[in-house]
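In the two complexes below, chain A is the common chain; its partner is chain B in one and chain C in the other.
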Partner chain A sequence: MSDVFIAFQANEESRPVIDAIVADNPHAVLSHPTGLVKVNAPNALTIRRETIEGLIGRSFDLQQIHVNLVTISGYIDEDDDQLTLSWKH
Partner chain B sequence: MNIDLQAREITPLRNTYDHVARHIGGDKVASRYQEATFGAQPMVNFHYRPTWDPGHELFDAGRSKIVLADWYVLKDPRQFYYATWTMTRAKQQDAMESNFQFVEQRGMLSMMSDALRDKTLEILMPLRHAAWGANMNNASICAYGFGTAFTAPAMFHAMDNLGVAQYLTRLGLAMGDAQTLDEGKQRWLEAPAWQGLRRLVEDSFVVQDPFELFVAQNLLIDGLLYPLVYGAFVDDHVALQGGTAVAMLTNFMPEWHDESARWIDAVVKAAATESEANRALLREWSRHWVDRAQAALAPIARLALGDQGEAVLNEAREQLQTRLDKAGLKA
Partner chain C sequence: MDTRVTSKKLGLKERYAAMTRGLGWETTYQPMDKVFPYDKYEGIKIHDWDKWQDPFRLTMEAYWKYQGEKEKKLYAVIEAFAQNNGQLGVTDARYINALKIFIQGVTPLEYYAHRGFAHVGRQFTGEGARVAAQMQSVDELRHYQTETHAISHYNKHFNGMHHSNHWFDRVWYLSVPKSFFEDACTGGPFEFLTAVSFSFEYVLTNLLFVPFMSGAANNGDMSTVTFGFSAQSDESRHMTLGIECIKFLLEQDPDNVPIVQRWIDKWFWRGYRLLSIVAMMQDYMLPKRVMSWKEAWEMYAEESGGALFKDLARYGIREPAGWKQACEGKAHISHQTWNAFYNYNAAAPIHTWVPSDEELNWLSEKYPESFDQYYRPRLEHFREQQQAGNRFYSKTLPMLCNTCQIPMIFTEEGDASQICYRESDYKAYKYHFCSDHCKSIFDHEPEKYVQSWLPVHQVYQGNCFKPGTDPTAEGFDPLMAVLDFYEMNVGRDNFDFEGSEDQKNFAAWKGDTK
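Entry: the complex of A and B
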């Protein structure tokens, strides 16, 4: 079993994305290297657009995460509503 | 020569300002919306009472009959502060510019029949003046209201109404010329079908209670006007008869109406939830102003949709009542 991770710049825009990931992925662990927020999770991690929209109170295009996305580990499965990182190829 | 670069972690001693922390509790990280809103309302040191209203302080919750222990409960679910509101509207403006280009390049407006063109202008041009009225009223709500959570989004709403008026102006100029706008103004001033709405708007200018004005203008007048004009008339009638261009060039209006309805409904619900007295007051205001709004819009509905006008307006009223019920104002 391996971790997947995703890292964002630590700023105002990425805050609701991080909060959504933490809310939807109970086994996720945060760390804060300088200037970044890194989320590690065993096996898989999912970002849901609906959760982010609930936090910010406005509509959100999942592609907006790329503005502050720094790096990813894992294979990506994405559509308009979610982005999942896992080791399933 | 060796240059030794190091990254130093400097962690903040506190996560936000005391006047914000007082409202969100503990030492939590605050969002920009929270920092722009909580604790921003001036509460003390007002010095002189205004010469134009010596019965009140400069900022005075007493200008409204609504009573709230904490006016910050009227939060905006959209969490708009200046930056997010500006960026959202900028994106919408880009989309509208795109629509204007699309329509103009293909000459879509000239493909409309004369009858449809005339009917469209007859209904939409006088609404520039209704939108201006809404701009005035929201500026008034911002000026005389109490509590930054309530007044700041009112100013955004005032500017949004100005945007609506400007889009209607551009539509008029695209479909006609400056005289088209003058004709619309003449209708607003003189045509019998419009005098009910005009009187309603002008009467709203002298409503003294900022919360009553909020309910009258944003919830009740607009709550009937927008579904009638942009839902029933533009989308279901004009667009289906070859006027798709009109729907494109007024796309901002229904989109903005739905988005701001979330804010308006949340504010009314928060005020109604606080006390039975507030709820009774809101119910009384709603009954009064929705009756007036429906009466004022009836001749316009008939002008726009003929025999179907009355039924459409009734349906809009029913849907507005559902909104009111959800906000806790069930009769």
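Entry: the complex of A and C
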């Protein structure tokens, strides 16, 4: 079983995104390389727009994560409501 | 009375499809094969372009919006950096030489990538692939520009950065990155994607970016760090293009597998050789060190690459042919490459030096299997010579590998006391290689590689002198004539860091009275 991961710049914009990932993915593990927040999870992780909106109290376009995204590992499935990373095999 | 009808807003996937895929058509005025002449000749079989999955569904509108946001953030930092004399915040002026390597050898590759993706962005019959390539082409031009801007402030205060475009086309070590990309751009569109999007931007990308960006962060270089983070968000899109294209090719037809495997073998190896200069930078040019090249290789190649090739095994893809040798080389290549630059520093517009005792000890600790046995004695000898007033510079030219174009500095797998030499005979000539893998790349397409512009050959053929140079004149110095052709500022851009203008200036600005 391989890890998927996603890393963001460590700043105020990415903070609620990270918090949402941690809330929705109990097996996610955070690390903090210089200037980054990196989330590792076995096999798959999902980012949900609704969870982020609940944290920030306003509407949020999931594609806004592009501005602070640093790196990603795994296959992506994306729509208006969620972005999922996974390894199929 | 008319009832207002509100149409349901399209979801992301539908919006994306309408604004990209929906814009393509089967041509009727001219046959498709004439409109798209390059996407069959490599032997890659595509039965259904609709199976291409766009992982990041960015419409052009979304693209410009988010790229615009990134640019505003980035340029605000670059401006603040310049206004606040950020160049004084670096740990040590030796660090600037890492930036010289970057602007000379990496930044021009962004421009080549821009051109390469613009080309393939026209050549695929599948619209999804064309759109992704076109966006990447704009990204790469952005990277060329933002790297140039991020480093431009340093150019006002340090040597070795002002003429990088001119050097890229002429200077001996810069033919290594140049030939790498020209090899990719002159392949067909599917090879280009396998070479750049997959092998470089997916498999090896972290080994380029993390050393430079972490090195910048550790050494007080805010400008480069900010560029790095800004570019990485583009890179994540590039990585997903890389993994999608490889998956697509392998799923379309089993006949594609051996073709793609051969490309993976070739481009992993060419990428690995290209990264030698990054390995050297990471182990020798960062006054405040991050991690060793060997550690970076273990994390980003062995671990991440391991997971990737495990996933691709279901298609019949195995790890690249040169994988084991590249893993064995992790304990050696940085030291071997630094040695070459130290020797040839008269002809290179950067500075080199012998590391301090503290730095030598760090290298011993990080490389217990190789450093004290093979490389420390050499460096200590160089230091002795320098202290005795004999800092020497090689004035002769090395043999180059005909494929990767690096001087023959690499050693046999398992025996670092033996330089690795391989050769092939083709038509009337003998060709030389640093490894079995460079040789096999040549042997597969000799008609391509016999056309290589090898700097050493070109100097010996008299093609690296300015017009009007007379080699028969009294006191003719061929090295100086070549440096004139390079348009290097001799005595300012080159030679040892000790005694350099960079060193003196930085000490004066920082108020060091040493």
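Methods note: the second predicted complex is superposed on the first by the 88 of 89 C-alpha atoms of A that agree within 3 Å, B and C clash if a C-alpha of one lies under 4 Å from a C-alpha of the other, contacts with A are read in each partner's own complex, and residues count from 1 in each chain.
In this section, contacts are C-beta pairs under 8 Å (C-beta built on N, C-alpha and C of every residue); 3 or more make two chains touch, one makes a residue touch a chain.
This structure is a prediction, so every number in the text was calculated from the model and none was measured.
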{"item": "Partner chain in contact with A:G57 - chain B first, chain C second, else both or neither", "value": "first"}
{"item": "Partner chain in contact with A:R15 - chain B first, chain C second, else both or neither", "value": "first"}
{"item": "Which superposed partner A:E78 touches (first chain B, second chain C, both, neither)", "value": "second"}
{"item": "Which superposed partner A:H27 touches (first chain B, second chain C, both, neither)", "value": "neither"}
{"item": "Most chain A residues touched (candidates chain B, chain C)", "value": "C"}
{"item": "Shared contact residues on chain A - chain B and chain C", "value": "34"}
{"item": "Chain A residues touching chain B - in the complex, by the definition given at the top", "value": "12, 15, 34, 56-58"}
{"item": "In the complex, chain C residues that touch chain A", "value": "11-13, 55-58, 62, 66, 69-70, 73, 206, 214, 217-218, 225, 229, 232-233, 235-237, 239-240, 243, 247, 304, 307, 310-311, 313-314"}
{"item": "Residues on chain A engaged by chain C in the complex (per definition of touch)", "value": "2-3, 9, 33-35, 63-64, 66-73, 75-80, 87-89"}
{"item": "Residue numbers on chain B that touch chain A, as the complex places them", "value": "7, 9, 29, 31-32, 76-79, 84, 88, 259, 262"}
